[in-house]
Structures are given as structure tokens and as C-alpha cells.
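Dropping the structures in below, format is C-alpha cells.
Across the two complexes that follow, subunit A remains constant while its partner is subunit B and subsequently subunit C.
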Partner chain A sequence: MPFIKKPRTLKPLGAVSIGTGERAVKIGGGNTLPLYFFDAKLSNPPAVGVELTDTAWDAAELPLLAKAYEGAATLAERVACAANMKGVDFVCLRLEGADPGGDNLSVEECVKLAQEAAAACTKPLCIAGCRSEEKDVELFKALAAALQGQNVLFLSAKEEDYKTIGAATVLAYGHKVAGESSVDINLAKQLNVLMTQLGIPKESIVMNLGGAAVGYGFEYVSSTMDRVKAAALEQDDAMLQMPVITQVATETWAVKESMASQADMPEWGDLEQRGIQMETVTAAACLASGSDAVILRHPVAVDKIAALVAALI
Partner chain B sequence: MALKGLDIFKLTPKTNCKECNQPTCMAFAMKVASGAIALTDCPHMSAAALDKFASATEPPMKTIDIGAGECAYKLGGETVLLRHDKTLVNSNLYGICISADMPDAAIEAALTEMTKIDYERIGKRMYVECVYVKCNSDAVRSAEVAVKAVASGRVPVLDCADPDIAKSVLGAIKEAKPVLCGANAANWEAMNAVAKAADAVLGVSGADLNELHDTVEKLEAAGNKKLILDVGSVSIKDAFANAVEIRRAALKDGDRTFGYPSIVNLAALAPGDLVTQAALASIFTLRYGSIILMERIGYAEALPLFGLRQNIYTDPQKPMRVTPGLYPIGGANENSVCCLTVDFALSYFIVSGEIERSRVPVNLLIPDAGGYSVLTAWAAGKLSASSIAKFIQEFEIDTKIKNHTLILPGKVAVLKGDLEAKLPDWKIVVGPNEAIQLVKFLSTIN
Partner chain C sequence: MSVDTKLIAASAIRGAHNAVAEAKDFLARAITAKGIDAAVSFPDTNYALPVIYSMLGVKVQKLSDMQAVIDRCEKLLPAGPSEHNWLPYLGDTLDAGMATLFAFEIIEGCKYLIGPNPVNGIWLGAASDVILRARGIEFVDGSAPGFAAIVGAAPSKEAAVRIARELQEKNLYTFIAGNTNGVSFAEQLDEAGVQTGWETRLVPFGKDISAAVYALGFANRAALAFGNIQPGDYKRNLKYNKDRVFAFVMALGEVTDEKYAAAAGAISYGFPTIADTDIPEILPTGICTYEHVVSSIPIDSIVEKCLEVRGCKVKVTKMPIPVSYGAAFEGERIRREQTFVEFGGNRTHAFEYVTTRELDEIENGKVTVIGPDIDQVVPGNALPLGIWVEVAGRKMQPDFEAILERQIHHIINGAEGVWHMGQRDQGWLRISKSAQERGFTFRHFGDMVRVKLTNDYQAIVDKIQVTIFTTAEEVDRRLPEIRQVYRARNQRVESLTDDSVDTFYSCLLCQSFAPNHVCVITPERLGLCGAFNWLDGKAAYEIDPTGGNQPLLKGECIDPIRGQWKNINDYVYTTSKHAIDTVNAYSMMEYPMTSCGCFEAIVAVMPECNGVMMVNREYMGDTPSGMKFSTMASMAGGGQQVPGFIGVGKNYATSRKFIAAEGGHKRIVWMPTSLKEALREDLELIGKRLGIDNFLENICDETITTESEGVMEFMAKVNHPALAMWDITEPSPEAAAVDAAREAVAHG
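Then we have the complex of A and B:
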């Protein structure tokens, strides 16, 4: 008896478009469980973003990463390098320099940097803050105005600040916003409800469900995404149908597997190779669990993950 | 798929004879359905009824034993597609590939690199479990390489589609209880005979899922239910689709023919590309690969993949725990400060990671807190001033560490007063609420 393949048709989910004109990229809009492209004709594959910060990477032990940005002296030049990397769908600029505990750049300085970056960027732009709540609110308000018309995705609004950030970015200037919750389906849904009640259209909201590097509690990330996708696709829960974006790089490059130098851990071998595999394995696991977009850092990881998504279609 | 009480009632003689110690046949049937008593407690049950019951209560996916002695593993036996539905039971295995065509030096190098990976992570030994041996047309050489694989102390997975060669290679290594891959629509009868004679698990492949389904049915009809299904190596897309379709058919649609573990050969799907192989290994760890084979596995691949597997195969109903004790971090010694958190693995990892990042040497103290997070443990009474004081005494922290500064998680700042009373010779400092603030906090404490 042959194998009987059951038809599995699901309704396509909502998509969020970032960037403008021909360069725009759609995130989300899938009509299958994550990566199950054999179930239905694909409506939209997952997107791959590359992140960089306004301060250059410490790439002393990462020659391949350094090579990707070789010769780029200014932020604009580095953004251009990032946008041209193989496999990149969008660029995420993280304004690390704004951190009050760090360089503490003024809002004006950050606006200037972001404008330079946006002018040099040939791909849709996503802007992440410095993870200081008060500073990010001020920053996003000013950036949303300065980058009007460029359809930027802002990472991220939380339950504490969604009103200010949502109003400043989406309602005032028509940008897109990611709602950040900490690896919990109920909190994610609640934030979506709150943001839509504020008048932010569903088509302008992306979910940042939180992340982890593999080995560091990744089961929570994976199971949360499994449940979100099941609710969105199989139970038609409109408040969980927004696309999912995951900041993989910020998690994986902060664990010891990607940070301990070869001198400290000789048996572990080359640091860059470890970092690449940590990032690639985590990104692949996120995509299999439900991320509609992943943000990576290393050019090799970006290239291989983009090629893998293409091979699965 | 369990039978309902009424279905079982129909199998009983319906005489209410009470010989099963139940008042009525109906009561008996209800108890059997709930699993409280066995069907065999009824002396009047016909053989046909027992058969029917056995097939109806058979699990949707078989559990297959491979390997022998210290390297014996169970594969399959899953009842749910996703871990949050209940839990995943038998974790997947990873393996590397060697071949009879490789020169001895290359085989030695591959096996040596593999055996170097042997470390502990949250109380579990991490190592590569399988070695895949691709045989060639030379039976003697193939057997020689297979013996090397067995000598490395891992489960050998043979790939050989020639029944005669397979027979002679298995003859050399059958004590290791290997897996024999290579049965297909053309050779299944002969391969079945070879595998059965050596008591080896048989790996089955097919040009597509239809052919695979047919071959498995034939093998089952021939009495072999110790099988592993090859998801194929036509393309990445095809292999992933097959892995999902096979598992979904077995667990969701009740297709028992596909209720077997799977084997995925990534060396064949992405030859020479270890980064893509690692990404695929990650996807197949989450989605239905049981034996996952890669060209090589070094630390760069092992660290993320073993971490992922350990995460995914934890029971969602039980928190992952680390062993209570004293963990010196960043070259800490008896003069370094002490930080305290709980034995919930996630808390431990996040806190220890932040301490490492701070580059301040710290003695991390992990008391037994029931495996809960800080606030939960405190609320459940598992983390209290007395439990901390007891821990300090039991582990002789007083004498081991001269620096009597104890940093308490900010979320249990309320314990400070009690703790000062219980540990009068310690200086209790309230730390930050979140681990992420530790770097800054530790930079100010010295």
C-alpha cells in the first residue's frame, strides 16, 4: 500500500512589509507550519537580516568577520558592506553607542548616524536601541521623525513603553514596530492586544518573542514559538498571527562558546568557527520553531542560513 | 490509540461472573480502560480478543534498541510531535561518517577527533554516539573498517546494500548490536535474512515515501519490526519533507507502518559543508531525526548541537537542575567574593555567564532550591535564610572561602536581615534584580 499524503491547507498569516519601493521586504505571511514548505505552495519564505552596531566589532579573533567589513571606515561604509553581504534581506542597525552606561551618545548624534546609515543602506532597515528603556524611547521618537517615509522597523517596544514608542513610530510616522515579550505566549498575545487597542494596525506589528542561544534554555524559546505558530495557524488566533523576528546574534555571541579565546580553551579550537556554528545552529533552530526573520551577525552564518532556506523551498 | 471502556466491554463474555474480582463486566472494562487492571485478569477472554487489544494498545511509534553494553540506546517511542504536548522521550543520536574507501590515516584522524569530544554538561556526559561505516565491494576491508568503528566504543551503523558483504561484515561485529542500513525495494528479502541472523536493526530506504511504505509493509509481514527509516538523500528539501511526513503519519494519522525512528545522512545532503550540515542537524534535532550523521563533529559543532539536544529533550514538566555546590568562576579563589543563586539550570547559566563577562573572580554558590527560579523558590520556601545557612554549613563554605562577602539576588533582598542573624560573621550584600546588571554591579563592588 502506498503512503497516503494528507492535504494540509492553512490560511496564510499576516505579513509586515519593511523598506520602500522595489527594495521592500515582506516578513511573515507563511501558510505552513515553520519550514513545512512541502505542505503548500509557499507564500513567503523567512527573511535573514544582518546586524551591525554604530561602534565597530571587536574582530581581533574573527578574521572572516573583519574581512567582510575590510576598508570600511565610517558607519555608512560599514552599512553598505552589510547590505551587500550574500544572503542579506535587511540590515539591523543597533545603536549601542547610545547606552548611558557606555559611550552615551546624544540623541542628536544618534540621529545623524542613523541618517548616514539609512542613506548608505540598499536594503530595508531595522533599528534596535541600546536596551536602556528611557534612552530608547527618546531615541526612537527622534529617529522616527528623522527617517520618515523610509518604513523602518523599530526593535522593540515593551509592555512598559509600547504607548510612547508605538505612537511615535507607527501612528505618527508610519514605521513598523516589534513588540518584545520575554519567551511567554500569554505575554506576547497581551502585548499584541494592547498595541492594536492603541490603534496600531496588525500589519505594522512584528513579534519579538525573546531568544536564547542553544543550550541556554532554548527549550523555552522553541516551545513558545511552537505554541504561537500552532495558535496562529491551527486555531486562527488573530492576536498571534503577526510575524516573529528573533535577534539570534545578540544571544549567541554573548555565550562563552562564542567568546572564550582559543588561548583560554585550547581544546575547543578556533574561536570564529565556534561562533559561526553557535549562531548557525541557533538560527536554524529558531527557523524550525517559527521565526519569520532572524537577525545574524557573521557573514558565513548569513550566507549559509539564507542558502539553507532557499534549499528547503 | 487506547480502546474506550465500551470497546473493551464488547470483548468481555458479558456474564458478570465476578471471577476477575469486579462486580460486573462493565466495571471490569472501565478499569481496564483506565489502566488500573490488566485485560488478562478476566479468565474468559478469548485469544482473538487479546490480540485485538494488543494491537489497539500498541504505541504509535516503536522503541528500537541499538548498541550493546555501555553504548546501548533507545530510539523512537515518541507519542507527541512537539515537546510541549507532553514530553519527548528518547533523544536523538549524533554520528560521524567513515568509509571503507578512506585511507587508514584519515579514518584514524576522524575517530581521534571524535573521541576528543567528551565533556560534562549539566550532569550529563556529552559525546558522539554513533559511527557510520560505508562499506565497499571489498568485504574484508569493509569488515576491517567496521571493527575500527566498534573499537572506538560507539554504535556502528553499517551502510551496505549487498547482502553477502553485509553478512560477512556483520559476522565480525555483531556483538556490538549494529544498525544495518541498505534494505530497499529490490533486496529487502535477502537483507532481512542477514539482519535477523545477526540480530541487527535494519535500515530501510526507498526512492520515495510510497516505495518506502511498501518495503516496510513487506518487512513487517516477514516478521521484522526492528527497523529504522532512511529519510533519503535526494535533496535537502526532500529529506526534510520525508522526515516530517513519516513522523506525522505515525503520530498524528495513526499510520503504524511509519512508526519507526529515522536516520538522516547529512554528509550526503551537504557534502564538504560543515556549517550547512550543522544547521541541518539543528533542524533535524527539532524535527524528527533519530540518528543524525555528519561528516565530522568537532567542538565547534558539538557545543551548540549537544546543548540544543539537551534543552529540547528536557521534560517540560520538570525543571533542569544543576548540582548544588561551590562553583569558582573567572579564576576565583578563597579571597574572592561569593554570589548566590538557585539550582535552576537556566538561572545558573545566565548568572554564571554574566559573571564570566564581568571578568571579576566570583565564587558562585548554588544551594538546593528545588530546581526553581529565584522568586519561585523563595515563594515555595525552598530558598530561605535557613536553607542558605544550612547550605553554607553543609558545604563548609565558611572554612573554604576566607572572603565572607555574600551577594544575594536582588529579588530576595527581604532575606538580608534573617541571613545576617543566621550568619553573623558574613557581610550580606544585596545584588541586582536581573543577571544582566551583574557586570556593572560587580565592577563597583571591588
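Then we have the complex of A and C:
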């Protein structure tokens, strides 16, 4: 039986733009199922972000990662390195140092750091908090004001704090916000409904559906994303049509395959290669499931995923 | 139109004329001093003079721009209402109010240029954009429920402090302007040593009434900044304020023409005025959510009245009890040896009861314990208990009482070391020794109920008062009365039929995982999850008018036998995203209602038996269809119409409309024993109504057989009524008659 090509184009989904001017990047806006580039020409290819924290990476056993940031002493210099990495579309700064259980940097210190980072960053900027709910709210309020006009994407607002974070970042200062849910289509939709009811325009919301490293329950992530994209594209569900961003690095660099040293696990081989593989494979699976943007850590993974996207389109 | 309204109109219009005259005077002096091209603005803002900018789209930058606004004011200024002709004049009053606000803003703008400087001592003048954004976020995220614009002065320093404290406790912002005979509310606070300023949320703008415009300008800027509303789009700006900024004017002391004029301006924002003095009122609703001007409110209850009239609800963020609170404690059991004191559970009488009162009959938040408290209890004893909850609200309806009452179980169980079972007069409660040690007392029952019902049911609960009775005398004295109410409620539910209402409710809560599924909840067919009946749908709609439960006017009836209405079909078609175009509420064989996946039970056809079986989710065993519940569930669920399979709430089996198109209860041939037991009482009644003796014994179950042949043998043995009915795969004679009649109409 001959293969008959029946391209299926659907209504384009919402796109969200981050950054300003020529450097702005658009995320989402597709009108095909994930990676069905043969159905229609994609207006915005999946975006690849690189993350770094205000505290430098512990690059023991990760020589390639260390090399990418070689000679960068300050956060601003490291941000500049990240922005210039091959394949990077945007930079995600995680303010790890703000963690009350860690360095507990004050909001003022974080604002100063973020401003330095923003000044040095030649790509659109994403800001992620320290995962302490209370601290992140205070942090985002201050950062949104300090970075006014730069169209930053804030990661993330949750059901508990979406009102304050949504109001502070999007409504007050015109930034973008990601709504974070934990691998559950219902909760994802609910949060989008709540945020739009608050008055946040759809065009300012990105979905952070949660994630997992491959082999760590990734099937849940994949099926959730499948259903989100199916509802968005095939059922025209407006409350699930926002672009999907996935923090791949935070998942994959927290599993034993990417953490156990070669000394402990000689049979597993080189730690850095393992980490890169976990990150690359997970990111590719996310793209196939529906992520419109992935955030990675390792320059080699970034390069590979960017190359994959380029090869597919 | 009332005489009062007319008096206010006359007064506000006079005040507006005065304000505009004063603005002209200020502007003339400013032009003389600085020249017509002198720059003018409030400090540190991109919104120029914000009221003028928001309403007119005019960005005042120079004195000459102000001149143009004055011209607009004069056009807006109406003549006073005629003495003899009773013409509508609310519109004129609002125009006068708006002109007044423009004039006030010009006056304050000129003051920044030629003095007296609005920033002086305790007076702060206009808020900068930085303050606006930082504080505005609190209005959006709800950490500040609204603001009070206070004009004038309290009768005494002490009264001023009390009002300020009460507003602070409720997290409201207090914007202060104007004076009464030279005394201002802010000065009263200052003299009493109360700290004012943005940090304490007590914000003195200025001593002249014109400074009240800063409060409205703040509201306008909030709409521009947080509502994405364009300057000049006055309609959306005012609507944003009405819907989202819960502000009101508290007029203390004498209300002058100028204050009336300012109040008239505030009405356009949906901000009502509440006064402590005897001034004319505007009670009919229209622009504001409730009344526009309310007067003669005693100073001690004025804050509560303000919140009520504005419809402003204050959330309590922390549960005021000495033990932890949350859903995590709901499943906690307290064994006898851990129990410090218990109530009900057949040892004593215990009831819980919610009733509706008028707004002025109860005191919001009051909790009283009548009888011994926990410190007078012998450990291990049982006490009688009555939890008597009085609720008042503008949108409260007696139909909601049972819904609120049903929450008490979850509410009380949420406390660590406290256990609750049952409902109505069947309660059984325990307080553990550890909860008692940590200071839990009986009033905390009341506190939990008060806080949770206020927070979770904001739309219907304006005021709540709880009384806890712990003596046999007090409890028993009330039981006959409330049992009568329980009976009346049962009758109400019984008497609610699909034919007796014109509105059903939709439920779309499950669309996120079954995107085409639409529940239509009727009085006689509750939601298939079993958690939502028609009254719940009605209440849910009141609580959240944009939520998942919408009223559906049933409209023209297409088929009374199968339960089909035109409007319902249309609604289902749209909301199922065009997947389903026809739904029958009472048929499982033709266009049945779809199921999401949450159903409590499945009704499945058994064609060989000419009947149906009904299987509950808890039943794990085999069924005569050869499928277990889980297999059938995957067929019935997912928002598909699968003729012969419907997902239902268990209680649907007690409805008169239970698969009515197929002939109803007489079709039931098989049911697990657990379901039989759960429904026994109701099904026996239904059997009686149908004139069938031993109705339940006619229904086969798993103890008899789980084979379809076995069921047929059993049916023959008991002479099951389904055997004598028409072929279940065909329409009933009545339904066929309806079809024929419709055909006839269509063709002829």
C-alpha cells in the first residue's frame, strides 16, 4: 500500500515571547502534534535554555562543564559564558543562594545578583527561585520590579502562590510567568484557569508541567504531556494551549546515574558522559512528548539537543 | 425616586459646582504664579493625574492641559434637580461626582506647584508608582481585601482608634482625607499615638476633602497597572474597580455638599458610602453591588456594616486553634483510651445544625459556649453537644443550610486530635487527651466552623455566629425543633422533581481528563460521582458564577419519556466540543448521558435477561456480564456515549427517574449484596410503590450466581417482573408513541 501523505494542520497554539527586541525568543505557537514537522512548517522551533545558579556548579568530575565556564569568576561572567554557548536560546538563572536552608542570601543581595546577570546576558532571561515558597514570593516581587522592562520568564507560580507571583511579575511589571503543576493535567488546567481569572493574559503564561528523568517515572510525564497537547490541539481546550517548558536538568542531575562518581561505580564508566546522556535522552523524550522549551545544564547536552531540533526541521 | 435620593442629588450637584469653582480659582492662581505652560504632575508617577488620565485618557502635563479639563467639568456639571418635576437624576449625580473628582485632582495638582504642599507632617499626598505596585499586588492577591476611604472625623479619639484597629485587623487599607469642623480622623489617630503611614496601612492623604481623590486615583491606577486597562477606557476601569477593588467610603461626622459630591464620584466605581450620621440614603441597588449610601450606622458596628454593604469578605488566614489543622488529620482515629471527652455516639445526644438569620440578627464571628467547658469535664466522660450555627448573607438561601451543615464533618475532623463522625442529630465526636493538653476547648469547635465556612463559602456567608451547647437541657430543648427542620429538608429534596424546576445544572469539573464529558445534574439525577446533587450545583453556581457548574434553562422538551430538552442538547453539543449532540437523561439505551470515570456505580444492560445489572465500584468480583467493574468502567467512561452502559451515582437508583425510559427499577435483575444493603431501605420503599412484594429478593446477586444463565434461571424461579416487559433493546410503547408523534409533526 503506498504511503499517502495527509498533512494535518490544526489551529496554532498560543506562543509566549520572552526577552526584548531582536534577542526575544518565542516559545510555543505550534500547530502540529509534537515534532510532527512534516505536517506543517513550524514557526517557533523548540527552544533550548541553559541553566546556571548564583552559586557556581560543583564541577568535580565534570571537566567539560568546567571548561565551558573557564575563566569566569563572577556571576556576570558565567552568565555571559552561558549565553554564548552553542545552541542556547535563553538562559535560566536559578537563585539557589536564596535558600533559607542554605546561604540564605537576602532579597536585596539576590536583586543585585540578578541585575548583574541580566546586564551580562545577551539572551532572554528566565529566573527560577530557590524552591522555598515563602522566599520565592518575596524574591519574585523584588526581582520583577528590579528587572522591569526586560520581559523575564519567572519559574514558577504554584496554586498556593499564583496570586502574589502572578500579580507581581505579570500584572505589575509585564513579565511572563510559568505555572507549575506536578505532572497532572487537571492541576495544570486548573492553575491556568485560576491565573487567567486573576487577569493574567494567556499570552503571558507558560506551563511548567513538572518532569522526571527517564527511568524515573517518565511515563507519567510523557502521558500527561500527550494529553495536554491532544486537548490543546484536537479539542481546542483554550486553558491548555499555553506553551510547555520543562526543567530537564534539575531532574536528570539529581539521579544516581548522573551523580555517582566513577570511583564508586567503576562499571558505569565516566560520570560526565553518563550525566550528559541522561540529560540528552530525557530532553529528547520531552520534546517528543510536547515540551516547547527545555532547560538543560550541560553544554554538550545543549549542543546535541539544539542539533537534534535543527536536523528535524 | 425617593425624596432622599433627590436631596442627595441636590447636595452633590451643589458640591460639584463648588469644587469646580475652587479648582478654577486654584488654576488661575497657579497660572498667574507659574505661567500657563508650567509643568504639573503628581510626584514619581507615569500616570499623570490618574483619575483624569484613566477616565478621559488625557495626560495632564501642563497647566494648560488642566484648563481643558476644567472645560470638560463645566460640560459635565448639571443644573440642580428641579423643585417640581420628578426627573431621574442619578445620572446627573454621577456626572457631578465625576466632575468633582476631576476638580479635586486639579486642586491637588496645583497644590504641588504653588502650595500648600500636600506632603506635610502626617499627610502623605499622592502615592508614587513604586508604592502603587508594591501595595497594589496585595489587592490583587487578596492579602488586602480592600480599602476604606475615611472622610471626616470620628466622634472621639478613642472611637477613631477602635475603627482603625478593626480595619487593620481585617488587613484593609485605610485611606484618610478631609475633616469634620477642622478635625481629621488622621489627627485623632496621631494624637492617640497610633502610627500612620503605608507600613501600618493607615494612610493619611490630606486634610482637605479634595485629598480623597488620591484614594480613587490609587484605585484607577491599580486598574491600569494590574487590569491591563487602557487610559480613557473609563467603562472597563470602573468595572474593574467594582469587581475587584473592594473599597468603600466611610463618612464620619457631618456630610457637607463637597463630601456628597465626592461620594457621588465614588459611586461610579461601585464604592458605596456608609455614614455614622443621619443623612439621606440611596438604598436601591444599581451601580454598587448593594446600597449606594447608607446612614446612621452606630460607630461601633460601622466597619462591619461597611464590609457588608460593599460585599467585601475578609479571609482568616490562620486557624485560631491550639492544635494543627489540615486535611491530613481528617483520617485520624481516636481510640477510647486516647479520648479525653466524647459527645454523642449513643452515649449522649449530639447535633449540628445550620440555620439562616437576617443580617442584623447576629454578630459576625461570635462564638459562645453554653454549659460546662473542657476544664470542667471528668476525663473519659461523655457530654451532650449542640453545634448551633447561625448564618446570614445577602445571597444565603435556606437551601444552602444543608450544604453548609454537611461541611461540619470535614471542618471538625481537620483538627489534630479531634474526631468527628455522623451528621445532623447522629453526631459522634471525640477530643483526644493530647488535644486537651494543648489547650483545645469547646469554643474551638465554633472557631473552626466559623473560619472555614467564612473562607470557603464567601459568596454566600456574610456573617456567622456559633453557639456550642453542652448541657442535656439546652441540647434536648432544641432537638424537636431541629428534627422538624431535618424532616422539612428531606421533604424538600423529595419534592424536588425534574418537572418542578425550570433549571438544571451542568458540571464540567471532569473535563480536564474526559474532555468531552458533560454532566447534566437534575433534581432526580444527581451527578454520577455521587458527590453533587442539584442543590449543590445551585450553591456552587452562587459561590463561583464562572465555575464548572452553570445553570441550564431546560427550555423546550423534545421527549418527556427519555428526558430530552432542546437547550440541554445545545449546551452539551457546545461544551462537549461538538462530540455529543443528543442526550437523554432517563435512557441508558438511546443517547445516554456520558460518563467521565468517577461514577459510583455502573448500570449495564443484560439483553439476554431483558434487564440490567447495577454494579458498585467497591465490588471487585465477577459479574454475570463476564466483566469486572474495572473492565466495564473502561467501556462506560471517557466521555463516550455507549448505549447500554451508564455511569451513575448510587443514589440515582432511588430516583423515580431511574432509567425511566427503559421501565425503571423493574429492570434490575442483578446487584452485588453490598449495593443491595446500602440501598435496601430505599429500594424496599420503591418496591412497595411498584406493588412488588419482596422487591429485593427478586434481584439476583453474587451469592446466587455470577453467570448469565444462572441469572436467567433465577429470574424464572422468582418470576422476575422484567420477564413480562417489552424487549429492552426496543423503545417502550410510550417512547415509540412520542417518536411517532414527532415524525408526524416533521412530515406533516
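The definition used in the following text is that the second predicted complex is superposed on the first by the 312 of 313 C-alpha atoms of A that agree within 3 Å, B and C clash if a C-alpha of one lies under 4 Å from a C-alpha of the other, contacts with A are read in each partner's own complex, and residues count from 1 in each chain.
Assume a contact is a pair of C-beta atoms (placed from the backbone, for glycine too) under 8 Å apart; a residue touches a chain by one contact, two chains touch by 3 or more.
The structure displayed is predicted, hence computed values, not measured ones.
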After aligning the two structures on subunit A, examine subunit B and subunit C and state clash or fit. fit
So in the superposed three-chain picture, is A:Leu194 touching just subunit B, just subunit C, both, or none of them (first/second/both/neither)? neither
Partner chain(s) touched by A:Leu42 [first = subunit B, second = subunit C, both, neither]: neither
So if I put the vertex at the Cα centre of subunit A, how wide is the angle out to the Cα centres of subunit B and subunit C? Nearest 10 degrees is fine. 100
Could you say whether A:Arg227 touches subunit B, subunit C, both of them, or neither, answering first, second, both or neither? both
Which partner does A:Val107 reach: the first (subunit B), the second (subunit C), both, or neither? neither
Determine, for the superposed model, which of the two partners subunit B and subunit C contacts more residues of subunit A. B
Quick check for you: in the superposed arrangement, does A:Ala59 touch first (subunit B), second (subunit C), both or neither? neither
Once chain A of both complexes is superposed, is A:Ala167 in touch with subunit B (first), subunit C (second), both, or neither? second
Superposition result for subunit B with subunit C: lowest C-alpha separation, Å, rounded to 6
Just which bits of subunit A does subunit B share with subunit C as contact spots? 227
Enumerate the contact residues on subunit C facing subunit A in the complex. 130, 133-134, 136-137, 140-143, 225-228, 244, 511-513, 515-516, 546, 577
With touch defined as at the start, can you tell me which subunit A residues reach subunit C in the complex? 141, 145, 163-164, 166-168, 171-173, 185-186, 189-190, 197-199, 201, 227, 231, 235-237
Residue ranges of subunit B touching subunit A (in the complex, touch as defined): 82-84, 116, 121, 209-210, 212-214, 217, 235-237, 240-241, 244-245, 249, 253, 255, 257-258, 273-276, 278-283, 285-287, 298-301, 303-308, 310-312, 314, 316, 345-346, 349-350, 353, 356-357, 440
Write out the stretch or stretches of subunit A touching subunit B in their complex. 1-6, 35-38, 101, 213-220, 222-223, 226-227, 230, 254-257, 259, 267-270, 273-274, 276-278, 280-285, 287-289, 300-301, 304-305, 307-308, 311-313
